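Next come two complexes, and both contain chain A; in the first it sits with chain B, in the second with chain C.
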Partner chain A sequence: MNNDTNFKRYLKLDLLPTPWCPGCGNGIVLKTICQAFDELDLPKNGTVVVSGIGCAGRSAGFFDLDSVHTAHGRAIPVAEGIKYANDALNVVVVSGDGDLIGIGGNHLFQAIRRNTNITVICYANEIYAMTGGQVSPITPHNTKTLTTPNGNPDRPADIQFLFKSNNCFFARTTAYHLNHMRKCIVEALKFKGFSFVEARTMCIVNYGRRLGYKNSNEMLLHYKEFYKINDYAEALAENEIGIIKSAPRSSDGFPSA
Partner chain B sequence: MSTTFIEGSIAVAKTVAVSRPHVISAYPITPQTHIVEHLSELVANGELKSEFVNVESEHSAASVVLGSSATGARTYTATTSQGFLLMIEVLFNIAGMRLPVVMTCVNRAVSAPINIWNDQQDSMTARDSGWIQLYAEDNQEASDMHLQAFKIAENKDIMLPVMVCMDGFVLTHSFDPVELISQEQVDKFLPPFKPEYYLTPKNPLTFGTLVGPDGYMETRYFIEKTMHASLQVISDVAADFHNQFGRFQGGLIDTYKVEDASLVLVAMGSIIGTIKDIVDELRAKGQKVGVLKVRSYRPFPKDEIYKALNHVKEIAVLEKAVSLGYGGILVNEIKSVFYGKPKTPKINGFILGLGGRDITVDTIHQTIKETVKASSEEKFIGLNEALIGGK
Partner chain C sequence: MTKQLFQGNQAITMAAEVAGLKFFAGYPITPASEIIHELVNKKHIKVLQMEDEIASINAIIGASLAGLKAMTATSGPGFSLMQESIGLAHMMEVPLVIVNVQRVGPSTGMPTLPAQGDVIQCIHGSHGDYFPIVFYPNSVSELYKYTIMAFNAAEESLSPVILLSDGFISHLYETIIPDRNFDIKNRTRPPLGAGNRHFTGLSHEDSVPKTSDVDNYRRLITRLHEKQQLTAQRYNYYEYLECSKDTDTLLISYGALSRIAYYFKNDFALYRPIRLFPIVEEIKIIASRYKRILIMEMNTGQYAHEIERILHREVEFIPILGGCIDLNEIKQKLYEQRY
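Our next item is the complex of A and B:
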């Protein structure tokens, strides 16, 4: 347990509490990102946060750092623009799964192709939360949401394989596995190239309670029971979290494999 | 027909459902969500035999209905604000391909800064897209307008998409008594969609192909010509609707106490209701005021507006949109109605209610006072002096 409160220097404390619902997992992810920043001692005057739109996206405004709230889905290209204009900056995207994998999905794929040296933290709550609880691209098959009242007929996207295609960084973690989440974010920030952390987190109000969870603690316990850590594996199974093993890059920056 | 106390969004969804769309596609965005959520529920519980397609963006939603419509399917989508802006590329395509898609544009402010509240800047941005645009005053009209929209769009002499614009939250989220129309009655009013041209292997066609300088201009000429022809069709469909259902909310325009008025307020959408109350109040004090509601914004009914307003001395145009770098939009179109005519009334424009800024009875009284007092001018009304540095 880390009781160090130094991470608070990355937050606008006067804006707290956040507008998130009681029991929302977003605060856990926000805090863990700040702890990772603190561990690496990222300079406050050299770090920029970019978000899309959504409950998760609102976290950009709580960092005591320069930040941009982009249009829904456009955080990655805006972050790339910042990085290409000033390579010295640490550029971090914070947004939801609908924003990054749904409406912004093409940008994700193109940023992997370009291997832009930025880090994306996805608050993956499996739902479009801000708009009230509609199906997202990672909502599990058969799950009921407001726009899939009979259960989601589609399969969720498993995006880890996209990152393999250009040897980029991908990690999956959860709001229960705090030390693991912090480790994933630290490694993602250190990675030279495009890095992405899929942080599974709880939306109790517009998702969990409709699935029968009585409170968000029950959702956390589900993460605890369901997910096993498997770091540096070739691929992650549905019930595994971890960092995907990436092959070393050759001197020209291309995967050596 | 039965009167139900119902949320505006749900009334619209139920009317769309009885219009028997084959394909519905949408992406969630506040305050449009309740409409499409209710439709997905009706599809899921078997009440509505349609394909409901959840997609990854509004650009895709518009593309899905474009594709379905090209096969001859009746199609529907709904969005607002940022989603609407993202759709715009495809909206031009839909009109250019002459596909009679019907959509709801729930009216909401546009970014940046983000604002989810009502104004009409979103739909006004697409006024040149080739979509017929109708604006609803209340939830009864919003609901009825969708049925009329399918009939106008699918008229074989029109074949243009129709957008029903309704104020976000003010209408979509408010509960009102609404008379819902039964399936049987709708089937009498709205025949099945039978397009002349559609995708079928029996007679291969290409939609949206490259057309060079030798033919492109004519595509625009024909849409413009059809827009003019649709003036009559919109009026006729409103009259048919009146005959069958006994309700008339106006054809191209609607007027209230305009006949003997010396000052008329012109506006679109839900603000009309508030203005009517003020008109009654001022009439009781002997002031000769009236209201003109622009129901069809595209096509723009110049002749009807001229006919209704040529006797008045003063006009105040109230609008929840602005053309940045030019000023009011509707006000300048109203001014153009009088160009070259023997007599021009004093026409004042007021931009108000942007981003959900309250439009109170006082705001409207102020526009009337300013119109009586000042020479023709345009201004923002209801600004917070503290935020703009005072005067």
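Our next item is the complex of A and C:
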């Protein structure tokens, strides 16, 4: 599988290199998304990628598909507009944790409520990377960032429970667990309804390096040691990655009299 | 076709349907809500009530890129929320129609009363330089006609076109003939899912972001500006009424307030821009015939400054604030100004 280069057909190879720093994890996520596309043989005509703003958001422009690079936080409503306009399209959102869970958080919450049939891949680097390294909604408690010099006073958002509320798809994975990440993305793409993959990935330059990691490989090793795979669990513990189990859909609304 | 009685907001929805509207996303707000109420009952139009106006504008951007003619409708507070993505739509060249039924601001102001306080926001509300086409009708039949013009101009310019209204004309009932014989402009660009284009708010050239190429940015903005000017020339709408008496004064007004200006047509020449922006060039020639230019508007001089700028001369200004259009008050102000 590792020699398989078929996934490259989903990329604009002539635009490489990406603007990302050496050691950045975004390339791993981008590649794995393309591998998942390839595994499902997603038609290039008929698939649209949408992103918000940030380092992760820049990945949209590298897909050899129609793509839309929206305003900061607004990828989900643009993607929903596309999907509701043409249900035949596969619509995939790729963006950062600040973009999707921070500034775009309400749209995420509402898309879960609407259960729009799109897939969101979150490049979850736990930081606002593009702007230099400020605290994000999923930065761990007590972590030092540019805007939390004494450590993050808040606890990180654990958004898996939002998805449970409407029986949507949620998976957490990391850039170390490549096969797992690919499986999560494939299952998310196959899911009929709103699906979200939180892919933990390394920002070495504006995050890891300040936390004492010498290089991004050390960050990968942290993922390896810290996270355990627990697929189809009811819920994921802080140190677990996996796909959460879907419950049967509860009856829709009030019965009419 | 026979005359029928319609509300202003209702006329907008009927015209939008004729113009080919297929997708609407919006958020409730007075005095624009009747538009979504009407549209949900139309069979071939997808209507979404979104979580806010930011989601609304972004959903119609997506739908428009996916190939459907798309519209949203709001009032000042929602129009403020949409501003960032209006800039995005200009940069990505997305045809849209945005209806702003103005009410008294700033902030929540006086929600049920009409105003004209969002005139400058139409052209400078988003950051950076962009060149929107803005129409502002003054009757129910004109709301009908210029909704169709707004859709056509959006398709021709590949840009978001603003249709201004106000709480007065949008809530007015008048008899109109809902004519369906308009030349309708169709989409020229293939919908999403047909290629490998990249639509981005970053400065770009042929689908490739160019984040620090100064010359490319200058070319891009010049091209967008010229495109807007060229399209606007095909929508040169204004009303000019010469005075039966000899007068040295041209009275300028638009939208709801211009309806009361007709009362003074025997004392002043009247000018009413319908395409508010880009400013109709003819105003220069018309204004040159008059010694005095008098502008009244329901704000503190937003269009007056624009007119001064384009005419390179001073104009007299009468603000009519607070959502109240009272003939006696206006009479007094107009004639007071004279002496």
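Here, the second predicted complex is superposed on the first by the 246 of 257 C-alpha atoms of A that agree within 3 Å, B and C clash if a C-alpha of one lies under 4 Å from a C-alpha of the other, contacts with A are read in each partner's own complex, and residues count from 1 in each chain.
By definition in this document, a residue touches a chain if its C-beta (ideal position, glycine included) is under 8 Å from a C-beta of that chain, and two chains touch if they have at least 3 such contacts.
No experiment lies behind these values; they were computed from the predicted model shown.
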| item | value |
| --- | --- |
| When chain B and chain C are modelled together on chain A, clash or fit | clash |
| Partner chain(s) touched by A:V50 [first = chain B, second = chain C, both, neither] | second |
| Chain B versus chain C as contact partner of A:K31, first or second or both or neither | neither |
| First (chain B), second (chain C), both or neither touched by A:G105 | first |
| Which superposed partner A:L89 touches (first chain B, second chain C, both, neither) | second |
| Which of chain B and chain C A:H69 touches, first, second, both or neither | both |
| First, second, both or neither for A:P137, with chain B first and chain C second | first |
| Contact breadth on chain A, by residue count: chain C or chain B | C |
| Partner chain(s) touched by A:L146 [first = chain B, second = chain C, both, neither] | first |
| First (chain B), second (chain C), both or neither touched by A:V78 | second |
| Intersection of the chain A residues that touch chain B with those that touch chain C | 69, 71 |
| Chain A to chain C touching residues, read off their complex | 12, 15, 44-48, 50, 58, 60-61, 63-71, 74, 77-86, 88-89, 106-107, 110 |
| Complex contacts: residues of chain C adjacent to chain A | 22-23, 25, 46, 48, 50-52, 54-56, 58-68, 70, 84-85, 88, 92, 191-202, 207-209 |
| Sites on chain A touched by chain B in the complex | 53, 69, 71-73, 102-103, 105, 128, 130-132, 134-135, 137, 146-150, 154 |
| Parts of chain B lying in touch with chain A, wherever the complex brings them together | 26-30, 33, 36-37, 40-41, 44-45, 52, 54, 56-57, 82, 111-112, 114 |
